Amino acid sequence: MSATLETPLEAPRSQNPKLLTLLLKDKVATLAALVLCFVFLTAVFGPMLVAEQAREQNLLNANAEPFTLDGGWLNFLGTDPLGRSVLARLIVASRTTLSVAVPAVLLSLVIGSLIGMWAGYHRGRRETVVMRIADIILSFPSLLMAVVVLYIFSPSSANLVLVLAITRIPIYLRTARAESAELQSRLFVDAARTFGTKPTAIIFRHVLPIILPTLLTVATLDFCFVMLSESSLSFLGIGIQPPSVSWGLMVAQGRTYLQTAWWLSFFPGLAIVITTVSATVLASWARLATDPAQRWRLTLPRHKRGRKEVK
Amino acid sequence: MSNLLEVNDLTKTFDVKDGKLKALDGISLKLGKGETLGLVGESGCGKSTLARTLLMLEKPDAGTVRFDGTDPFALRGKQLLAWRRRVQMVFQDPYGSLNSRMTAGQIIAEPWKTHKHMYANSRDRAARVRELLHLVGLRPSDADRYPQEFSGGQRQRLGIARALALQPDVIICDEPVSALDLSVQAQVLNLLNDLQRQLQVSYVFISHDLSVVRHVADRVAVMYLGRVVEQGPTEAVFERPKHPYTAALMSAAPKLHQADRGERILLKGEIPSPLNPPSGCRFRTRCWKATDICASAAPPLVQDPESKDHGAECHHPMESPRQLALA
Amino acid sequence: MSALSVQDLTVDIETPNGPLRAVNGVGFEAEQGETLALLGESGCGKSMTAQAIVGLLEPIASVTQGSVTLNGTDLVKASRRKRRQMAGPELAIVFQDALTALNPVYTVGTQLAEPFRIHRRMSAKEARGEAIELMRRVGIPHPDKRVDAFPHQFSGGMRQRLLIAMAVALNPTVLLADEPTTALDVTVQAQIMALLKDLRAEREMAVVLITHDLALVAEEADKVAVMYAGHVVETGPVSEVFGDPGHPYTKGLLDSVPVHVARGEELASIGGTPPDLASIPSGCVYQARCPLARQKCRDERPQLKATQGQRKAACHFTEEV
Amino acid sequence: MTGFLRRRAVTSLLPLIAVLLGVFFLARLTGDPANLYLPVSATPEQRQNFIEANGLDDSIWVQMWDYLGGVLTLDFGDSLRTGESAAAMALRAFPATLQLAFSTMLIAVVGAVVIGSWAAYRPNSVADRISSFLSMTAASVPDFWFAIVGVWIFAVSLGWLPTSGVTGGMASWVLPVATLVIRPLGVLTQVVRGAMVSALSAPYVRLARSKGAGDLRVVTHHALRNAAAPALTVAGDLMVGLINGAVVVETIFGWPGIGKLMIDSILGRDFAVLQACVLLTAVSIFVLNILIDIGYALLDARVREKVSA
Amino acid sequence: NSEYVTGGGADGLRIVLPQEPPTLEACQSSLTATGVVVRSNITEPLLERDPDSGELEPLLATEWEQTSPETWTFKLREGVTFTDGTPFDAEAAAFTIDRAVNSDLACEVEGYVFGDTDLEVEAVDETTLTVTSPEPDPILPLRLSFVEMVSTKTSTTEKVREPIGTGPYRVADWQAGQRLSLESNPGYWGEVPAYKNVNYVWRAEGSVRAAMVANGEADIATSLAPEDGAGELAVAYANNETTALRMQADQPPLDDIRIRQAVNYVIDRKLLAETLFEKLAQPAGELIPDGIVGYEPDEQIWPYDAARAKQLVDEARADGVPVDTEIRLIGRNAQFPRITETIEVIQGELAKAGLNVKIEMMDTNAQLEYQIRPFPKDTGPYLLMIMHGNQAGDAAFTLDQYMLAEGYQSSWGTAEFDQKIRAAEALVGQERQDAMAALWQYEQEEITQYAYIAHMSAIMAKSPNVSYRPNSASGDEMRLAEMSPVS
């Protein structure tokens, strides 16, 4: 066609550096990713290596102090009141912890966001009903729900996941609904409608990718919340049941020993903190990295990122 | 010319805070195959609303839309999808109508995700995306860039490329070139023109740049406050505007050459609120020719004696273009 | 001495693939009481230039070179404090994305009063009075009532006027207006242009008007600077430049205007696309699209040099245009 | 606005009833409290008597009606554990919880706004990174851990504060509030920072700067109010958690609040008290939600219009 | 830093308990949380048992004798009045016993000490009271030592929250949820107690209770665990409590005695007592500790023999016993310090012996369903951790509840064993002691319903300013009158 002109054919320029390259440029985020990988690998493979040692009781070596190699490297982080290696238990606990927290967060994230996006996209009555349901769950004392479910169905990991997931659904529901309600009035959504795109497809193509980073940020905060809730349930005696062990349970059980054997609750607490801080750091990095409008921030030398004005 | 699109007495009311806002108040238009209908009018007069209603993004309160003899609002399923392919839109706002998380390539290819049959494989699609980018004067490498890395004009071109992706029969262009610079504007207009010649595409062309409308449109409709106040073949309307508003609009446009500059009619005051439009003639509050009758009676349709298709709703139609000078 | 003098202004954008030079050695001057139009293809760096002048570039971009002299002060070197003091009373800008620029949570009255509160330290009541006066000045009906309304309650045209009012509140020496009417229709555009003209005359402002509407430039501006791919390629009085362009790009632009071309007929346009900022060729930036291009253009970048009278052009073969 | 309030109140009624019924049925799933309150030797007759006396023998539907009827007349029955009126117990505990919740929220919000804005003002500066790290950590440490460590450090080792209780004057507030405030402060700081970062890059901020507005004015005047809505949402959620009772803190510090009462009545199968507590908290949460909606409206005129439409 | 007083003046004593008394109703005082405040402080019984010697001593009754096999006659103290001014006489005593034992109030004390027997009470004259039981009851006076005397003005149809008694203290101020203040009874018949005011507060967390004493906010803190950090201030004392595992023998594989023996073999009682219980417990071979009638000093304690246990399980497996069936190991949260740890140790050992054991920690109500008849159905086999404290000083209380086939807290038994128990309970004096002591051996060999673990101790923290020596009853009955300031 004559109206268009010859454009020199050029090799497509890589405009979007690979996420990994971008990640490696950010030392803190890289560190966070490494920590999470480490935690994840520990949770997957660790228990195979030290399951036996984590169970091995030795009442004669109870509450041994940490940071000496006298009791072998396994006892480097001390022992618990039953003389078990705190390190081995931390490793075994990582699997339980993640296998409760991750599914709980994912479940509430998926259910809450799907319903929330659906309600927000369609607005009207559907939205009202969904919001009121969220209100109900939110104002329902979650502890009661926990006690009841765990009472009736026994406190297994699966039930714990269920309880935690249900009580956290409204958070995602509300976030997703609010954002989706705003997005459905955007022009690019209208554009998609003019192609005949189905609402579900629009939700997945236009709404989800935009609110996903927000949801992920909420999810990392929640990841932490879920671990702490699990710990609080253990505090009340209805969490993970021994001999299974989770970080939350270790903190809760160790709290009574805070003056006599601080390491019992300190190390699992530290594990929770490190994991959630890493998750949060990585999530906020991902939020920038997946947003084309913000991504540049990650590519700048650090000192420049924040500048608002030119000097 | 058979009418591809026919709109009769279309009315659209929005419920807003303090009452009902009549954005469209009895609009009747027709568009033939391979024809371009120019739609001009002041900001907020309902042009975009009309476009959105034609695309079934809004549901009209009354009136009918016929596309190739069928009512699109009654279509379902496959037929609806087929209709969707045939009618496309270029949105007014190049900032809001592109999803900032998708690359230009993804944006242009998006319609094919719904209309899967159009291109068999991803290679064909990629090739077609490059072709479309080329068509609107962007580089193939731009396919990997995100909308915010483009300037306003470049974005608008992406919107046009996306509308072309489905090879539609009708494109409703809502201010497609107002964000473009002249050279690119010329390219885009040429492009639209070529498509029309080769593929018989029809356009509804919304713009407030009269020189552009004059260049592209076969027929022109002038809107004011939700109503078409003047309508006719382009030349007729431009040469012999009947409605004072049309005349004012034309005089307000800046002219490149000194010779074209006439006396400018500067309209006074703001557009009245569409919530309670003036009684009688809705232009009377800003019209320098208004008399008492304008307030009491709705203006009649006055035909242009020289062109049967050209008419305006006015109590005091303009007699000759020179009358402008008297204003 | 000119009110605003921009010399060799260079702006780089940091991108994942290294820096891009969006504005490259731009220079122009604006005189008191005059309008200078900054013209150019979309994406050529007009907005960047304006933002660099007022020192409000997006964090991604930064001025790497050049000077911006306003009333004898170099803004690029000035302290943040100094700049802040000058922003408003001496230098004002109307941004391109004006329709979203008003703060949605405050009444327009509060926002209009802000310059007075900041620079004149007026009481809230006094400043409000000034705000009403400004609204009246830019022709907003019933200003004493509308002063307490929120931005979203105004139409686009009115919001644009509010922004202009805010910019001229303290009688700045220089006003930068970045496409102040692109979002508006012609009747409103005419009103706003008339308003700007009045203010300019009344307050002896220098106005830098950014637009790509040649007709608007022809009607409103005294001088014009034409930009292409981050460079100023031609400057001079509007009538002279438009009458007899000294750069092939200016000529190309003028030829693209769709007047006096029959319907359906091909419009003239400049072939090709502007160069990618990441790979600007050495030599003339316009070479790829220039009908006059030859070896010299590929080897050597033409400098902006005086041709006749006040005019300057950056072309090796100005005479041939 | 009043119309909005009325509508909100009406639409809140159904969820409120749903919560009450939910608590009613769920509580009854946790088993019969007879073992707790009857002597081990209780004969079947005594059990029967106990069950009848407490109305546990009627069909669950009859019980439900009685319960709902009681709610309407504000009669929640008596506590099994103490024999007192359940409503009185709940009403006595609630102020303690509210005091704790309000002071915690006040500190958390003020702290988060100050720290969050400061961090957002220069994203990625050293100050920002430190405060981000601290707020993330704060958000992820178990509260009972802080509580116990706090008691030993500040009460026992340093002797600055009382360990627990409500009778030690202002000083006795310090540890419970400090324990409670840590997590909300951490969470809110992150939220405020995020919202402020985007508010500070909004076009209106650039406009304000073009008017010569200084840093402080830009932050406090232009960005903060725009960033307030998301913070308000999160603060509301956190407040809901606090109103539902800070069980752990109340337990450790012997704070006679509703959280402790609720958990005690759950563990004690003291249904009447539990129901009274839940009604009280649920109503306050609905009121809180309405207040938050009013907050949105006060912050932003656009919401105000939507609300009154 | 003792400026943060939890109430009371300079002459006030401050005690921190693990929980608030749900009520002060005197007939509920066999509930630990109620009794620890009420008994012998606010109200008094007719006689009281010396925790050390086990002898009954006169209190509101000065003399008593068995006047017929079924009837006991009590001579009451004169000149005693209740704090509401009503006199204490035989009428009042009869009223109290009727109210606590024969009424429909379902008092805790009724079940705890009297089973379902009703008593016939008669006020012969002002100071003479006769009590008749349907069957001859040699320990009726001991049982009556649990009945706290209350004023005749007390309601008979409802339990009351604050009792009117004759004790050295009366309730001054009860701010529910926060604190309970007692003040000395000005009209007390006996010696005036050393402290004029006593303030109780409650904190659930042991380390906080310990910290309060360390910080000078409280003078006495009860129910501490070794790790709570009371340090020098900690005082340990035997508290009559014995822990044990109850084994449900109605479900395989626990119906096989070899499995129950295996459970007994894997519990290393000595090691537990020395390490986990920090030497504050004694390995147990029976459900009652020293000092209780029926205690068998030469108790046979199961040796720790993991190999034997495994062998027994294997044998059972070979005989087709479904030893792989999941066995639930049920415990009650916070029943005693380190209960979870104890249960984990046992679970670990049982797993090594080849049994499939799953721990379930429950809240009190849920656990009680398993502990007290009627038991839940379809539970599968389970081991229940129990802790029994015989406050009465006579094994009969224990035997009735834990050993009889139909005992309230016993899951099963045999007719033969029941007969032996009944016979022993009918005896008095040394005969009674010997007959009862012999039962433990029998139970372990023939029945094996229990795996006894340890006789426990309690820890309290006590400020150096208070002079008090806790005894085995202190956990249930903390006599304020025995406390005095160190001068």
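For clarity, chains are labelled A, B, C, D and E in written order, and residue numbers in each chain start from 1.
Here is the rule we go by: contacts are C-beta pairs under 8 Å (C-beta built on N, C-alpha and C of every residue); 3 or more make two chains touch, one makes a residue touch a chain.
A quick map from chain label to UniProt name: A, D = ABC transporter permease; B = Dipeptide ABC transporter ATP-binding protein; C = ABC transporter ATP-binding protein.
Just so we're clear, the structure is a prediction, and the values are computed from it rather than from any experiment.
Each step here moves to a touching chain, and the least such steps from chain B to chain E number 2.
Chain centres here are means of the Cα atoms, and by that rule the chain farthest away from chain B is E.
Counted by C-beta pairs in contact, the busier of A-E and B-C is B-C. The geometric centre of chain B is 29 Å away from that of chain C, both derived from CA atoms. Mean C-alpha position of chain A (ABC transporter permease) lies 49 Å from that of chain B. Here the spacing of chain D (ABC transporter permease) and chain E, counted between their Cα centres, is 39 Å. A separation of 23 Å divides the Cα centre of chain A (ABC transporter permease) from that of chain D (ABC transporter permease). Annotation for chain C: residues touching 2 or more other chains are 56, 59, 97, 266, 269, 273, 276.
Within chain D (ABC transporter permease), the positions touching two or more other chains are listed as 30-31, 148, 152, 201, 209, 267. For chain A (ABC transporter permease), the set of residues touching two or more other chains reads 2-3, 5, 7, 13-16, 147, 151, 236, 255, 258-259, 297, 305-306, 308-309. Within the complex, the chain D (ABC transporter permease) residues that touch chain C are 201, 203-204, 206-214, 217, 222, 225-226, 299-302.
Chain E makes touch with chain D (ABC transporter permease) in their complex at residues 1, 4-7, 22-23, 25, 104, 106-112, 114-116, 158-159, 161, 176-179, 201-205, 207-208, 211-212, 214-215, 217, 229, 363-366, 368-369, 371-373, 401, 408-409. Across the interface of their complex, chain C is touched by residues 41-44, 95, 137-139, 141, 150-154, 178-187, 189-190, 193, 197, 208-212, 214-218, 234, 248-249, 252-258, 260-261, 264, 266-267, 269-271 of chain B.
By the touch criterion given at the top, residues 206-207, 225-229, 268, 271-272, 275-276, 333-334, 338, 340-341, 343-345, 347-348, 358-363, 366 of chain E touch chain A (ABC transporter permease) in their complex. On the side of chain B, the complex with chain A (ABC transporter permease) involves touching residues 52, 55, 57, 80-81, 83-85, 87-89, 91, 93, 96-101, 103, 110-111, 113-115, 134-137, 139-141, 143-146, 148-149, 159, 162, 166, 187, 190-191, 193-194, 198.
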